[in-house]
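One structure is given below, represented as structure tokens, and several questions about it will come after.
We just call them A, B and C in the order they show up, numbering each chain from 1.
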């Protein structure tokens, strides 16, 4: 029940712009402007509401976050382009006109598409409301049969169960604009080199696939690949690949120089504990 | 799709319909079903025997009338050889599976894919385990969804049980059972691993849950 | 009180009984009910939609026969104006109360917390339903706004779920859940009306979304 739209609505109704309706994006606004004038959704209608659309954006200025504003501005720019084109005397059709026409058609098509989904949304609302009036039978078994139920399989141990509880109990995130995707975790090649060296030292040899099963993100896989190249350059490992694109085998050959270098990296990255020659399995699960 | 009427109903039902006055209209809109239909609907969702008086209140009919309707329904189910059976048990009425069908029901229950808990059930169980004694509405607040059915399932599976009621609200409070501990391989609730080890950092220190806003 | 037979049953049932061969005798003792009766009994203990195949296994009957019996039962409940309703939802069969009975049933079943979805959530859900598997950025492109928060809400509500990741970008792809189907009373996503019904003619042909430049 909490999402961007609601938050926005609360802000505006409780804030200074009481008169300003809140629209879920530029298409929502366009549709409502067109509806207010009782027009069909056509290109002509689009042209007719351009000014109002721009005016609306002005009113919203200063209240929108960047994300919100961008969507509106892109549409506004297209609308303005079209308006300018109509005001100027028609000249020969050139590439620019074509591009403009394309932009216009695209905007129009997207608007129609949005309208279709909006109508479907209405359908869903009606469907949910109707279904809310029907109640499925969800009654525990009669005592006579309850004892026959197969033993419950929890499928988890105490540790997993605790982790599950932690997740279930963690406060659900307040809706904010996620920026995680902009900040992929930094991965250090040297750090990965230390991880791999420790592991290879124990195992003697391994496949690249085996060395990266626990990598998780692609970026870590890439980092480990680069790390292997570095180790190769230091003469710490040797490669073997039977066929092109086949399984890549990595063998620990080790040499004093490489060890010294790795020591340095390990200290640099604060991973010396794991690198320590006596270290057991890295706890990287 | 719901307002079928009784014109085509077989003879048995006419008797009942004659006794039903269609004039009652509670506060709600839409064509209302007759008392027999409403009764069946209510019986479908109740999970423990309901007294005639209660049903009468819900249907806004005299208790004797409801009592008669119930008896008639029970007889009708018998006559029609239905797979369910309306029985008067410990002061109330509840739908049961017909006794002769037990072999099939048993097979369904045994072979059912019901051994494993659903993810939703498991998470709800986790909330109960770490927050007991806890009410359904608090669990629902934490989970962000209605948990009534899941809680009932967990009770049926013997994993949680009613342990107390809340002083002010009278809400039932749930806790885990010894069967739960057994299934998890623990001796006591205290042996559950401390949650703080698994909480994301900012919340590590606060073992009290933060989001109980229903 | 349970082995009544069909001789006195009204006409509707005769049709059904004719299709049922009473000769099957599983390993168990006592007079066994016919398939229709057994089916009703099993349906009474079901707590999520059950596939025909599963029911067929329990009854030891061919799936088509069970399918036919189920459809006949559903029709029979409608005709007789029963308070319950047998429906095919989300790939299986399950008993529901009849819609017209809601005012009465709701006095017993309280799930008021089933909060309504916002317009934003509904629109996002619509896009996911028709474009699944679909990434957040694609949904955002279609709706013209950032949808991260709404998508998270829908996931928390169990209406959509992560189904895959996009090969090149690694973006998470979302799809609707069976809970979504149940909440809408749909059997499958394919039962949704075609999107082209909602697009004006020249665009109707192109059910693929117009390129979203976000």
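Here is the rule we use: a contact is a pair of C-beta atoms (placed from the backbone, for glycine too) under 8 Å apart; a residue touches a chain by one contact, two chains touch by 3 or more.
In this text, all values refer to a predicted model and were calculated from it rather than measured experimentally.
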| item | value |
| --- | --- |
| Most centrally placed chain, judged by C-alpha centres | C |
| Higher-contact pair (C-beta pairs counted), A-C versus A-B | A-C |
| Geometric centre distance via CA averages, chain C-chain B, whole Å | 20 |
| Centre-to-centre distance between chain C and chain A (centres being mean Cα positions), rounded to whole Å | 30 |
| Distance between chain centroids, defined by C-alpha means - chain A, chain B (Å) | 39 |
| Touching two or more other chains - residues of chain C | 44-47, 84-85, 95-99, 105, 109, 114, 156 |
| Two or more partner chains touched - positions in chain A | 135, 137-139, 141-142, 145, 172 |
| Chain C residues within the chain B interface of the complex | 1-6, 8-13, 26, 28, 30-34, 36-47, 54, 57-59, 78-85, 95-101, 103-105, 107-111, 113-114, 156-158 |
| Chain B residues touching chain A - in the complex, by the definition given at the top | 41, 44-47, 96-97, 102, 105-106, 109-110, 112, 114-117, 122-124, 126-127, 129-131, 142-144, 149, 152-153, 155-159, 183-186, 191-195, 197-200, 203, 209-211 |
| Of all residues in chain A, those that touch chain B in their complex | 135, 137-142, 144-146, 148-159, 161-172 |
| Partner chain C, residues of chain A touching it in the complex | 1-6, 24-28, 41, 67-68, 71, 74-75, 106, 109-110, 112-125, 127-128, 130-139, 141-142, 145, 172-173, 175-178, 218 |
